[in-house]
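Working notes, structure below.
Going in written order, the chains are labelled A, B, C and D, and every chain counts its residues from 1.
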Amino acid sequence: MLDELHEECGVIGIYNGENVARNVCMGLYALQHRGQESAGFAISNGEKIRVRKSMGLVSTLLREHNVDELQGFAGVGHVRYSTTGSSTLANAQPILISCKWGQLAIAHNGNLTNAAELREEMEEAGHIFQTTSDSEIFLHEIARTQAPNLKEAIKKAISKLTGCFCMLILSKDTLYVARDGFAFRPLSIARLGNSWCVASETCAFDLLGANYVRDIQPGELLTITKEGLQSETFTQKGRLAHCIFEYIYFARPDSKIFEQSCDKIRRKMGKQLARECPVDADIVIPVPDSSTTAALGFARESGIKFEIGLLRNHYVGRTFIDPTQNVRSQKVRLKFNPIEGVLKGRKVCVVDDSIVRGTTLKILSKMLRDSGALEVHIRIASPPVAHACYFGMDFPNAGELAASSMSPQEIAKMLGVESLGYLSIAGMKECTSAPSDYCAACFDGIYPEYIGKEAGKFSCG
Amino acid sequence: MLDELHEECGVIGIYNGENVARNVCMGLYALQHRGQESAGFAISNGEKIRVRKSMGLVSTLLREHNVDELQGFAGVGHVRYSTTGSSTLANAQPILISCKWGQLAIAHNGNLTNAAELREEMEEAGHIFQTTSDSEIFLHEIARTQAPNLKEAIKKAISKLTGCFCMLILSKDTLYVARDGFAFRPLSIARLGNSWCVASETCAFDLLGANYVRDIQPGELLTITKEGLQSETFTQKGRLAHCIFEYIYFARPDSKIFEQSCDKIRRKMGKQLARECPVDADIVIPVPDSSTTAALGFARESGIKFEIGLLRNHYVGRTFIDPTQNVRSQKVRLKFNPIEGVLKGRKVCVVDDSIVRGTTLKILSKMLRDSGALEVHIRIASPPVAHACYFGMDFPNAGELAASSMSPQEIAKMLGVESLGYLSIAGMKECTSAPSDYCAACFDGIYPEYIGKEAGKFSCG
Amino acid sequence: MLDELHEECGVIGIYNGENVARNVCMGLYALQHRGQESAGFAISNGEKIRVRKSMGLVSTLLREHNVDELQGFAGVGHVRYSTTGSSTLANAQPILISCKWGQLAIAHNGNLTNAAELREEMEEAGHIFQTTSDSEIFLHEIARTQAPNLKEAIKKAISKLTGCFCMLILSKDTLYVARDGFAFRPLSIARLGNSWCVASETCAFDLLGANYVRDIQPGELLTITKEGLQSETFTQKGRLAHCIFEYIYFARPDSKIFEQSCDKIRRKMGKQLARECPVDADIVIPVPDSSTTAALGFARESGIKFEIGLLRNHYVGRTFIDPTQNVRSQKVRLKFNPIEGVLKGRKVCVVDDSIVRGTTLKILSKMLRDSGALEVHIRIASPPVAHACYFGMDFPNAGELAASSMSPQEIAKMLGVESLGYLSIAGMKECTSAPSDYCAACFDGIYPEYIGKEAGKFSCG
Amino acid sequence: MLDELHEECGVIGIYNGENVARNVCMGLYALQHRGQESAGFAISNGEKIRVRKSMGLVSTLLREHNVDELQGFAGVGHVRYSTTGSSTLANAQPILISCKWGQLAIAHNGNLTNAAELREEMEEAGHIFQTTSDSEIFLHEIARTQAPNLKEAIKKAISKLTGCFCMLILSKDTLYVARDGFAFRPLSIARLGNSWCVASETCAFDLLGANYVRDIQPGELLTITKEGLQSETFTQKGRLAHCIFEYIYFARPDSKIFEQSCDKIRRKMGKQLARECPVDADIVIPVPDSSTTAALGFARESGIKFEIGLLRNHYVGRTFIDPTQNVRSQKVRLKFNPIEGVLKGRKVCVVDDSIVRGTTLKILSKMLRDSGALEVHIRIASPPVAHACYFGMDFPNAGELAASSMSPQEIAKMLGVESLGYLSIAGMKECTSAPSDYCAACFDGIYPEYIGKEAGKFSCG
């Protein structure tokens, strides 16, 4: 499934290291799939924090700035999700400010559900806003809080937030790490020699050679100083609400997400799907790369041969010729090419991770058929997406979701395929270790928390 | 005199016009000499304000942004002075914020003398700062002021400021214009068809074909709406303190500054200099272009022939090869070339507008002598600069000012010239219409107003 | 296997089409894997040929030039291979010249083995060279040939060339297509509505929706005019010498190469490898993406489970932080990440397409072991590369080829793996339809043609 | 007079120096007024010649390339004139080629009158052209000439050229310098320590601190090697034909042109003009900067006061907002602003260097009048331009020249001025030392040499 979901963001923080800026950027490379709109990092040398940001990929950041120019012992980095409209450098992260607590740099992944209320209240109280990101709201909250010290101010401030957030706050000498009480998004900590490393996904640790220690706890505020770690709990919700969609699509399969291997869960989902929706097909093929693992699981469980029937072009990125007729179709063809030899005369079962709008799958199905597939069966390794997400994922409006207005049969017809099968909600949850610890609101409509007004406005960082 | 003084900033605002963005940028071209570090403009279409900024010249701004993309009926523009160090896009103007009064864009020329106190107080009160510019302080002040409406908030806010400021504040429907009570920097208003145009210098009006109406008054807050102008006085100081250095160097000679033609005053200063410091020379030459007018006056009064003995290269800008030995000297030679035929065998009187460090004049004097000048006499159309400016001009530290530690004789020796003469302070003031209305603190050390702590930190905008 | 082989080039030509420039660029996207150094296209409108080129990827070409600006009815495009040193825009293709035959644009994929002799002879005869590419040599040859018309001149000129070439020559009204007599590199023709499309690989046809017609014949000169195709044979060699390495690594698996599906051959090689070098392992994993097909074949034949144990990062491109220690290792880690859950406690068989230097595989093997692989067995779906290529592929110097100085056992030891197996030369050839029609010189040292002096200097285009 | 004349080119060569690339670029800064379209340099280290070029100003060249990267002992540089249409990097100079004489880099200022014939002949003989510049023709001629050595080849080759040229040809060990037999354009040589420096204008020597030695002789080929200079004469024309327009407008006044100070001649022309066309005016003002010297001469001779009544903006360059109505007028207003205080109530005599189309002067005249000038009298320090130039200057087509279809009275009327006076042809010539040594064809229509077909196509370099 492509181009239909916008990722949230990715964050990384390193404390007490060498070549901090360089390592932060390496880590951002590993998190790049979580955001392609802008990238940035902020480094403290103990005296002063400095920041560098660019629109675009981490590779652009590295081209536009000399990464070795900012020397320091601690740093935070951020990749921001990609949308079209309002993308400006002002909204890129980390945001660096100065306030009564000195300089603070923030890198934030998430979406506050009470952002609008907080912002209104703050404007009323005389604050000014220079960006449209949630993170600025939070910075105001820290800055205006009456507290004996910065840590207490952060604690008070995050207590007021609802929604989902993974926050790294760098002061000139300390790195604060906070995760919301539902623990919607992944956030882990690792050890790299004498330094600490915090990141959205553990694949960043692998790249840096850091050793995974544990996940940040729900409602935990971690304070990292030269003296070491200090942990406190600032909130306790009655339950957890890990985003199950991380397993389905967002996270990289090589990451350990919510303390479980993403790859393993994704594979289980493929197997469960094979059990729930068996198919009579000659081959199973994935829509590469995000559904490859699930397809492998499906093939294993069903006993049907796994094949590579669609090739993913390595070079299709953002830059594209101006829209004309057939552009969407051409974009899909640029990204994927069917392998006739694999498909011709076969009954093909295509496994994809999810269906959002369904436009891509519709084009792909036609391409498969044009390449000689006798039948096209689609199996989706997740349930129908039918509701909005208010916790960091940028789904299209409910109206555009295929499953909000169509039954699976209708969707199958729209896609022009022989059959379509979705994983069940229960089946999906059972692939995880503790089904009740997960949010599945976009599937089942059960939101773990009250959603404030205007919360629909997605905002990462 | 070159490369030794950093200009302050230039501002322009247009209300109720057509092609507002385009005209704002044209106006910025005319104000470019007031700031070459960054340029920007903000345009309101009545619903929303949008902003575009670039590091560098107005020509870069026009290359990087499509000026016709931002349609609207009112706009403000800004060129920022050039320093080396801390120049970042974040500090570029206009600054656009959102607060309880809605969106506000500010373009500001000046230097607040109580910026540090205000900032400290605000940080204490919980505000955050994303730039290091004075303008952000002022925006906070407006945002946090309790007042029945935006105009009252602005009035209250500017009443707290000390120092020098010319401010344009654009809300989505109104343009507010304010000038400090001493009226340090020039700010005028003109009529262009049905629209109003406010600018730092009247040369911008000439370019746009707008008709000069009057100067903004000291301590005046002007509110420009669809209904027209509304004027109020928010402060009254006992005296005026126009910056006399505007006449000497800053302003373009074709501008009407403080209601007088800059060219006329500059010429008078040249004449007065000729009376005060006569010279026995064959020719009078200017250091082009800033001292040309004074040199013409000197030549006229003294009866000595005016000549062009130094050529100014049209193409020497910011980009320069990396420093090596002799770079400063090479930089001067790149900018100016002596004309041997004019100089050879002549006793040359060089008129310059001012001496700050004296390094350029030292190199120029040697160049003149190498080109065959028999004698080099220097006449400066202003008194010795011996004190810091806290009102918007970026002098070097007192320690680097030639006149702070050397007598004119010593300076003449350092420059290696036959004689050196400065205009007297009294003589300078008498060239203006009302000597007591001017600040001359950098010459005489008499500051019109109490200077707060850290005020020395220059900040334009 | 990555970063050790430089691809040759890719060419495309379209005659009589609509949106020719746009379609040429789309086609180049599909050929991007054949060259990432520069991209370009030339378009004829019947009156005049114009050219656009950029250093970098097709996406850069599209960003730097307005592709719709060049309207015309015929065009040629080119992507050039990537090396570090001598890459300049001057060497980018197509090259556009003017000569007695009018304007000619050339796009060329290959390597002339008598380039040095021809160039020397031409310089002697008074010609000048502005690039270091073989194509310029050929253009000179056309220009200086005495012939009744351009077609005859081309025919005479190509008769003098030895080595490998696929050439597209665009005059203002005609497209000439030529392929060397050994048919080293792939070149095919397709029909798209009323237009003809010629390209290095058929995956470009798929993207454009063009229908494959046939391959250009060995020694064929095809003349495409408004009247249609005209075919002639300009040379006949006693044999064919298709580059077998196209199947192994170069070509995209979804292309039909030398009239056979690349994917099918690659799969057969994987199966044959499994038969020749069986392994005792729990899982088979590819080094994605180029060896995935062979690994699938290996897994199928051996009955060992196919798994994805290495993830390929979608975002690792050219831009990289400056070299420091461990850079090569970090570069490999950036590109590939092991999935611990798949590898831990398993005996792993890694299938790769080829070994050139072996440096990447060495790092990968260590990464696999660090992720818990109990044993690492390597199976290479091609024989040891031990000789230079003079026909369009940029191998490292013989001295750097692992297999030129080490036996497989020694290489296994160097790689630090339990076992290493290569496909046999005979086994490899038997996977093709007609073993004797292929060049395998880099494996067996049997060059199909005399190699001139200095021919080692690789030159694509 | 502005924007109506395109300069030719400027060349510089340095042999045997240190920091050659850097010094070549410094010299190009001084020659920038001779060409603003592209800039480039080529450096030999004795083994190899390398080249760097950019579209735009020397400042762009320095920004885009690291000037210290190319180390060597000899180099040539070039600035190319500015036109709109066909400007491409391919046409930028120096052009670097390889031929039987090895690598050659050429920097060329001029215009060959037999270019079309030569090119046709060469294409017939089998040569290919990759640019549209005359220099490539010349390089072909050198390359194809049968001669015992490079010097003889150059000698033979330049003997075939007609028209005007100043050529620098750098081989890996030698710098060749040639000037056409009429010596149309200036070219001089200077000594800088142990090195030789050749440049279009002596102002480049001043900047580098080099000492002027002499002009290159008409028809001279100078060979500069480690052994020193060797001079030969390759052609002898019956007469000289220095371009008199160099004095009038092209050259910088601080240069010694044709062994005379440009400033002196320009001043004499101003005086002569005052004698020939007296005026009843209160003030004399120049159109800065190119007519300032002539205006000073006019003022001196006439006894009328010299004033600065028009200010030239330092920042108006190439970048400009897209054309709309009134653009030309706005462009003039951007470049020049009248000083009302100087003009109001005065009878103004404006001195300009020449009239080509007259459009700028028309706008300026109106601006002066709008600023209160009572009368506007125009005096032109050259005769009416009525004929095309085929020797390196890019005049508009004859049809667009004001003087080709209008009498001075009619032009005065078109300009809307009280009076208009031109310098006479005889008067102009008498200001030089040897009137008969000059070309004045654009004034008097007497071309020193036969003009070949298509010669009208201007081509610098």
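Criterion: contacts are C-beta pairs under 8 Å (C-beta built on N, C-alpha and C of every residue); 3 or more make two chains touch, one makes a residue touch a chain.
This is a predicted model, so every value here is computed, not measured.
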item: Chains touching both chain A and chain C; value: none
item: Centroid-based (C-alpha) most distant chain relative to chain A; value: D
item: Chain B and chain C: spacing of chain centres that average the CA atoms, whole Å; value: 61
item: Separation of mean Cα positions, chain D and chain C [Å, integer]; value: 49
item: Separation of mean Cα positions, chain D and chain B [Å, integer]; value: 36
item: Where chain C touches two or more other chains at once, by residue number; value: none
item: Touching pairs among all chains present in the structure; value: A-B, A-C, B-D, C-D
item: Complex contacts: residues of chain B adjacent to chain D; value: 19, 22, 25-26, 29-30, 32-33, 36, 57-60, 62-63, 67-68, 203, 206-207, 252-254, 261, 263-264, 289, 292-293, 296, 300, 305-308, 311-322, 324, 330, 333-334, 337-342
item: Complex contact set, residues of chain C against chain D; value: 89, 95-100, 123-130, 136, 139-140, 143-145
